[in-house]
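Two complexes come next, and they have one chain in common, subunit A, joined by subunit B in the first and subunit C in the second.
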Partner chain A sequence: MSTELEAVLGKTWKRPPFISNQLLRRGLALAFVAYLIAAYLTIDINWSRVYEGLDRGAQFALAFTNPDFTSRASDIWGGLLESVIITVAASVVGILISIPIGLGAARNIAPLPVYLICRGIVAISRALQEIIVAILLVAIFGFGPLAGFLTLSFATIGFLSKLLAEDIESMDRVQAEAIKASGARWAQWINYGVQPQVMPRLVGLSIYRVDINFRESAILGLVGAGGIGATLNTAFDRYEYDTAAAILILIIVVVMALEYISGIVRARVQ
Partner chain B sequence: MPVIEKNGDTIWHRRTTKQSLAHSAMWLVGLAIFAYCWQQISNATTWFFVWDAPRIASDIWTRATPPKWEYISQLGRPIWDTLNIATLGTLIALCLAVPVAFLAARNTTPSALFIRPVALLIIVSTRSINSLIWALLLIAIIGPGVFAGVVAIAIRSIGFCAKLLYEAIEEIDEVQVEAITATGASRWQVMAYGIVPQILPAFAGIAVFRWDINIRESTVLGLVGAGGIGLQLSASLNVLAWPQVSLILLVILAAVVISEWVSAKVRGAII
Partner chain C sequence: MLKLKKLVKTYRTGDQALKSIELEVPEGQVLALIGPSGAGKSTLIRCINRLVEPTSGEVWLGDIELTHLKSSGLRRARREMGMIFQEYALVERLTVMENVLSGRLGYVGFWRSLTRRFPQSDVDEAFRLLDRVGLLAMADKRADELSGGQRQRVGICRALIQNPKLLLVDEPTASLDPKTSRQIMRLICELCTERGLAAIINIHDVALAQMFVQRVVGLRFGAVEFDGPPEALTPDVLTTIYGEEDWEATIKKVDDDGNEIEAAE
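Now for the complex of A and B:
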């Protein structure tokens, strides 16, 4: 019998730990507990204020059972329409721009200088958050949906180009080569060799991005970049919880509808 | 096969005539919708300000550079608050997301008819509302401060974590679960020894991934008053202190890049 087996025999089995290095495991646990204590000590929670707030929390929860769609109807529907318009326009423009940038950011079809420029654009767009971009664009272009539209277009480029480029980089080279061997020009090569391979994923991702854009368009109004966020902010400021609940319900319904549609579309293209 | 006869030759096409007509019609409708949307945006825009934009942009740029470097001494505490909001928010969210995920997964839910839809509703409603909106709401309820930020991040993350986790639970290998069941294990033992070990790597990956996103989101929560470095950002913006704004933006950028790097490293180590 091997010595390895002898060492194990007669002992009860223990579940192997997730991190096998004991020192690392203990060290991480200790550091984590120390951090938690430090974090807890520096957050001052005003429990009496929280306790007072529970009343309002309950009111808000109750408002969901009785949302008020009517008293601010024109603001709600106007804001929602503006959100949808921003979403559609920004998604279209963002997707159109992100396709060439995605092609340029794929190492296997783009030359190095183009690759570096496109990756740079993607990195900048991904590092800046929507709301910060929106603040800057509102400062530059003035209040209104144009700033929101530009913000979301810009954010779409970073998201979609990166994923598209990754998809192109992992495509099947053989098919692309076959098209090239038939004497296709560059545009034909992209159209018949590359595009069919990445199209299902591109469609799926685009629809997912529309979904994200709508969710983001709901907060752009907080900084004056158009959409339903402004109405929502006003409702909170006036403590009109029933109107706020109505707006939140509408947002949830639209997002659910978009998710449902995207499920159908993705099932069809794949 | 879509072919078209022309002068006795058959030529291959991607689509039949009918298909290509339908295709063009679809594009036309899409174009019309986009034109309508653009017109609405254009109507709501003061174009005078837009034509003036390059001048304004260069004006802001000259005011914002160079960043006011010495202001960084006042940013230590806000950065610590931001880190706390993201980390504690993620932890609370994970604690809440685990039971929701088990209730939502088809193979572990106690009742597919009653409890699963409720769990799915929790997931979709927490996920579809942005953390800034949750923060607005919580500030109205429990007052401004770091705690509101923590709770906002926590609520927002529940849906995200629970969705990814329940998908991981639905994809587990049933054979292992059956093997544990065959030893006579109770329901909880099956869960602890049959299911949990299979989803633990996915769980750790989700946790780090969400923490990374939460660092991003917590940097701007202060804009509505929920603590963190966003408070300094909104205060600086309100007094038009552009050199401070540019420094804060640089700090936020650094935080985002570092958290992304950390999360990529940790996920690389796990998977």
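Now for the complex of A and C:
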């Protein structure tokens, strides 16, 4: 038996820790706990205000037991229809623009300058939150669905291009190589070697984005960018919690329906 | 027909994968490239069709020098070289037929290929090849529904439909069982004879190589260590290629069991 082996026999074995320096490891853990405690202590809670608010909260929650779909029916349907229009239009435009940008933002198929430009576009789109973009676009184009449509198209580009690019970057290189080896042109190479590999994910992400766009369109109304959100905002402003509850229920129903449809579609494209 | 002159490949990491390779393959010759992992076998065949860019040296296919070709010239040259891959490299979500027809992409325009309207002669040839390898019934199956041996036969069809002069074959049997390995090797070699194709076959299995090819080239650390007929592979030669080991069992003549020709299933 070798001396090396003898030295370890009979000793217990433990997985080596992620940070090997014991002092550093314990210090970091301690610092984190201390920070956490300090952070919670700085949250200032006004308990009397919470107590007063409970009443209003209860009223709001009670409204759900008695939602009012009828008295503002035309506003609600108008808003819902506008939201659906914004969602569909923004998703289609956003997805169409995302595909070339997504191709450009994949390092394994795009040359460096194209890659940098496309990644730049993605970064800008992702850095600017929808609400901020909507406020800016409402300022430019005025109140209404146009601002909402443009906001969501822009947001879709950031979301879809990034995830598409990442899917392309993690594709099987050899499958694509085999197509290249046959003497295919670039476009044929994308169509035969790359597209089949990323298509299921592209379809799944697109449907998911439709879902997100509908939910976002409900928020964008709060800053004047049209859609069901505008109707919701008005209902809150008038303290019509029963109408607001009706709107929220409708949003939930639509989102759940979209979720269900996307599940079916994603299962079929695999 | 194929001539490599002072071919060098140095990767960006500084690894010299190929050190001034000189190699000539005449028309119709099937050559096995053997050597340990990391010897540069894969790099060598990828430098020929420039899936890997060689650092320096020349590659002559007929009277065309490949290393300086621009993109359209390179595409035309790649049509002349069919490639068969380790792990098949079929596009898994495409059908068998689409995979075979993708070998014609160098010949058809983008719109035709996008709409899958290939010329009738290409479609006929694809069916003929699938029939030759015994997979005619599988034409509309998705590639990922096939077994390993079936996939590799589709890979062979894809390479052959290019109507190439040369086959570049990278570890065709690496993920197949011993029997299927032999069937695939036999099929490749038969098809090369039928069509008068030259082939370079990277292969790990020395005994399998000896059974089927006319010439063996041994690569070690990116340099040619041996070049000769399969019978000349003695234990001494294998030691210079792979290092010290008992080689007697490896090169003992293996019985070729039966004639379970190409279309087993």
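Keep in mind that, in the parts below, the second predicted complex is superposed on the first by the 224 of 270 C-alpha atoms of A that agree within 3 Å, B and C clash if a C-alpha of one lies under 4 Å from a C-alpha of the other, contacts with A are read in each partner's own complex, and residues count from 1 in each chain.
We take it that contacts are C-beta pairs under 8 Å (C-beta built on N, C-alpha and C of every residue); 3 or more make two chains touch, one makes a residue touch a chain.
What you are looking at is a predicted structure, and each value in this text was computed from that prediction instead of being measured.
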Handout entry: Which of subunit B and subunit C A:188 touches, first, second, both or neither
Key = second
Exercise for the section: Determine, under the contact definition given at the top, whether A:179 touches first (subunit B), second (subunit C), both, or neither. Expected result: second
Practice task
Would you sort A:11 into first (subunit B), second (subunit C), both or neither based on which partner it touches?
Solution key: neither
Practice task
Determine, under the contact definition given at the top, whether A:268 touches first (subunit B), second (subunit C), both, or neither.
Solution key: neither
Exercise for the section: Tell me which of subunit B and subunit C touches more residues of subunit A. Expected result: B
Fill in the blank from the handout: In subunit A, both subunit B and subunit C touch residues none
Handout entry: Residue numbers on subunit A that touch subunit C, as the complex places them
Key = 174-175, 177-185, 187-189, 191-193, 196-197, 199-200
Fill in the blank from the handout: The answer for subunit B against subunit A in the complex is residues 30, 33-34, 37-38, 40-42, 44-46, 49-50, 53, 56-57, 60, 80-81, 84, 87-88, 124-125, 127-130, 132-133, 136-137, 140-143, 145-147, 150, 193, 197, 200, 204, 216-217, 219-220, 223-224, 233, 237, 249, 252-253, 256-257
Problem - subunit A-facing residues of subunit C, complex - result: 49, 51, 74-79, 81-83, 85, 87, 89-94, 98, 102-107, 110, 113-114, 155, 158, 162, 168
Problem - subunit B partner contacts - residues on subunit A that touch it in the complex - result: 15, 18, 35, 39, 42-46, 49-50, 53-54, 56-57, 60, 81-82, 85-86, 88-89, 92, 127-129, 131-132, 135-136, 139-142, 144-146, 149, 215-216, 218-219, 222-223, 226, 229, 232-233, 236, 239, 244, 248, 251-252, 255-256, 259
